[in-house]
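Okay, got some structures for you below.
First chain A sits with chain B, and in the next complex the same chain sits with chain C.
And now, the complex of A and B:
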């Protein structure tokens, strides 16, 4: 067997545009509409998504700006230059921890969903293991290959999202969108917090921008990718409210899956739309997990001089056992909330730290 | 080299063992496709009622195409009843008695006996499993019936041999009859139960071999129990107010002769005025476009004066029907199935938040509310022919 070798492990800024929605769209979007509907009145949750979206777009732009100031340098290199080596090392390790947590959470949730909706009798552990092994296989290969995989899957995922949206128009009830803007301030604050927490994963930019050949345009591309994500979140929220109404949507655990179950291709020609939806959605979640796993390997490799494959073999069992650790749905939820808080705090702290340091020290050429 | 191949084979061949199948494999023959469910009350011990669940399984062999001969004596369905307290455990009980594994993803209708829904809260408890279980789809239709619900799952029909399918199709095709309402599905019910609103569920009745689909049951919010039934006329009134059905017919007497008007289109609009919670006023305005489809009259229908007369009679009739319904739900039932609370929620949100708790209970603002109805009718066509029978002329 011959391996296909890419010329080099470099990517273009277009791939940065793709990698953001690929990483962010996964599990959060399935349940976010329910959480938001709980905090807000009627369809007001869109305000929360938009406000937090604009905030995060700005953050993403800033992160890329900092990272792009040091073209072709890895995180540990430019962070050391800005905030000293020990701090940079600690930050890298904290980020890898976040990566491990995300992988753990993803494996667990996808197994739970698959068991709930698809495989009644297959144990969660078996589903989780199968999924993890697939991801391990993908991550063991070429990094540039992963980016190309993202590029291939994203249009398919967008297409299925588009189909769900179009077919759900028949189930829309305009009444569900009224009254407009009646949520109180605390409702909006809660909503903004919830949607901000659901956008974890964009920290990969700190690391991946080093791979971009010519990073001048990356801040713009990254912001655009983030904008795409926010748009997809908005559409999902609006169709959830349109189909179910506020109260029912807030009561469902995964409103998006329920929509997929409910839509039918007109003419009774295809009743079980959810089966296709699941196949495609697992691709989306696969992308999320691949990027999270890969960035962890990538960042750890910059701290510990170990071979990539060895790192993967050390991390995989840890991820698997951690993911099977929570005993119930409630514990999984608590874990998810912890990851979000941890991730957002870490990203924001790092961002502020680096931006301030950059302002003070300025970019040292060839530093 | 050979050694290497052996090594690879010894690793890969055992792996094949793990790829032989699906953990959740279940042969299609072993699945029992449940298409209809009926729930009856066995014992109404107030705290802990016992119910009987009847599931209708499809037997594919019995349906077979007639040209293939088929097995004539084989019934295309099998009903299976079991009693118990929780539907989920009843369902598990069933597995002991049949060799089929009940499969609910193709469930079409749920029929509840009136005895069940008259009990407070029992309806909600029965519906829980249908909403919660991931196997259940949200577009299962819900019905109530007088007497035994499981009797309805035994009505064989020539044109559709599966009773549950027969009922399902009946509900889908009777949308042009305004004495019925749009089928109520589990998904809608979920929202209504959560909002603690009053709601309606259509009622069917067994008439000898046939099924009559008319009348609707009114359920009061919070306790979710059946508090009354709107008859055919009242249902028509309800339809005009809440705009559920696309068409329907009205029978009127014009100059002592029977005339039937078919409603081809109507728009209903309700507005609530008055910010004073003690003195709410609702204006229900209906715009109707209709055709004369049947007339026993010997006058020419092409005469515009006649059309105006029919329009006036229709207007009166429609207003009467709506008033009838409004009186019943405001007076005797005190249950807001007219959608007034939705309008308040959408257009008078602050006011609604204030009176929410005293809407149907307590101060009962719903019953105090003034509801005025008005109709505007336009007759468009009179059919293909003018006068079918000119009084006496043919004989002379």
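And now, the complex of A and C:
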């Protein structure tokens, strides 16, 4: 049934709207409130999230604008047209490296959290391997299937987030929100840097817009999806501060999971809501990793003409061994911060390169 | 002819004072004897006495066909194979000495079961008619539900030996042509000796034979088939079975019962919610028990944890063994109950439910909580309307139990994600199995968990991509 409209590998712009929050909401959001609380006083971190959010929304809009001006063309094709073939190839490989790093980081962190909140005896390797194999299974399926998975899980994830938010209202202490706007300038700068880094992941747009059937509306949809993400980040930050206060929040590793531990679910069914929350959150992290893995496979495939399944089988052992490499939580965090810096630098460079090139070539055309 | 079986009757007669000899062949028991006697033999005898028949043999056969025989369907053919198939199907064949052609008259009549209430899909409110084994009757039942000039029956013959009739039923102008084309294409690839039940057809043409999920609906209810056809689906009726296949289907379709629509929308919605909860329990209850007892005792509220621990005291097995033992016992009871005659079946229920449950608890083999979990699981899986979907949930339940035994809640989520991966990649005749959840069709959510009032359901489901999207329940019959 080739000509039946569902079967093809194209996606609609609605799916771009879904894929951005699905990819971005994962691990970063769990720890960001702690980091932000460290840089800012009281609840001022929201300014940092909002400012960097608006910045990133603009970036996302620009990326999709550039990508959408070459409808149904892959990244390597339009990048070659703009900045020559060798540069485009190097960029693609650098992006796939970022994808591999993200996957590595995700596998490691999910194993660590699971060990912390679910079991203490099961070895980290087993947890990580089970997760990785699930992702491999998903990525070896159809690409349209991955977008559908995002669509299946996003409502569940939003629902559990909503529950945590609602239940946490009872634990708010208004004093935690004062004083307002007393952070110094360097604190804001640090905060904006931290939250910008946690948004990394939207680079998938460079690649996936090629799949959109009619990309005219995608910039709007992508910006909207990014807006949703920023909103959810804001909410998590505010409830973290409201429940714990600035100082406690900055000392926790994953404030959001800790909130889930604190809240009391009416009815007394669950003693520890944090386990439930984390179990559901695995789906969010799964979505993040799926998209990162798939975009890596997608981009590598455009450079090396190898079968998809071969790429997956080459990449997954690499990811697994890299992820088990760091010995301590401190090393994992260092690795995480390296990934973010590397990613943001790469995305911004590419964006500037492509936009400038598009402007110059555009001018040329008119002249 | 045909090896002269015992039920083949050949009646030799002569016409017009021995000028023409003719022979009638039919299978005894397959034809309406009354019709053969009055409509064919009697007419031939009376008319041949009164009227001069044409001497030319060619004209004679046309004369007989057009003016003499009073049977509603008469065909002239020279093909021996066609004749044989029709004869085996219950037609009467008239041969005339010296003519290369023969007349095939449709005189089929045989004993069939009368229309009864479908046993496998009982409803409190709704039509009591169920399909029977005769294809003709079944086609009539569908036709009576949909009096539309665009209702079509496309006939196929399946079975190398049995040559069973099969009707692909749809409404022209609603169904997406590609779905129809694909179903017909798949049906034409069927190559087997016999298709005793529509299950054979289903297994031959389904999209993935590795999937635990049924990719086609089967039903005994004409009203259900009619509703499906009007949603742009295709029904496959096979001669010899009351089970009709409906394709394409989605996971959500298996959670729907016609009664959801026959009762008012509030009741329908509540029933749907209840059923989704039932599906959740049927799949997850035993595995959650295992995970909570063996890995995450801290998640159970303290008081409950104490009482569960107290009841489990003295049970020598880990929760997983306990759950598997009870699960297998439950499946055995169900299987035994299904195979035995009805009267004894009830005894099995009593023996199983009361005696085994009670005795195994007091013997200290399982804990009472486990018995409760097993019972609730069984009841929940009975309340899923589609039998084939309920079976696949049962299979998956054991998968979840193993996952929970190895990795607790984490394992359950991993397996849940895997099942979702499978579902989003699965298709039923080209339609995504997870529709309308993903790909999302917001309009179709009106009839998903929430079942909106009937006047609001003005369009056919979008995920079926019907050609005519308006369901037309505002125009009534004025068209």
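Methods note: the second predicted complex is superposed on the first by the 352 of 367 C-alpha atoms of A that agree within 3 Å, B and C clash if a C-alpha of one lies under 4 Å from a C-alpha of the other, contacts with A are read in each partner's own complex, and residues count from 1 in each chain.
The rule is simple: a contact is a pair of C-beta atoms (placed from the backbone, for glycine too) under 8 Å apart; a residue touches a chain by one contact, two chains touch by 3 or more.
Note that the structure is a prediction, hence the values are computed from the model and not measured.
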Partner chain in contact with A:283 - chain B first, chain C second, else both or neither: second
Partner chain in contact with A:122 - chain B first, chain C second, else both or neither: both
Contacts of A:41 with chain B and chain C, given as first, second, both or neither: first
First, second, both or neither for A:262, with chain B first and chain C second: first
Chain B versus chain C as contact partner of A:172, first or second or both or neither: neither
Touching partner for A:342 - first (chain B), second (chain C), both, neither: neither
First, second, both or neither for A:142, with chain B first and chain C second: second
Chain A residues touched - chain C or chain B, whichever exceeds: C
Common interface residues of chain A - those touching chain B in one complex and chain C in the other: 118-119, 122, 126, 272
Chain B residues touching chain A - in the complex, by the definition given at the top: 22-24, 105, 134, 137-139, 187, 190-191, 194-195, 342, 345-347, 349-350
Complex contacts: residues of chain A adjacent to chain C: 1, 3-7, 14-15, 114, 118-119, 122, 126-127, 130-131, 134, 137-138, 141-142, 144-153, 268-272, 275-276, 279-280, 282-283, 286
Chain B-touching residues of chain A, taken from the complex the two chains share: 41, 116-123, 126, 175, 178-179, 182, 244-245, 247-248, 251, 258, 261-262, 272
Residue ranges of chain C touching chain A (in the complex, touch as defined): 176, 178-179, 182, 295-296, 298-302, 305, 407-414, 417-418, 420-421, 424-425, 427, 429-432, 434, 437-440, 465
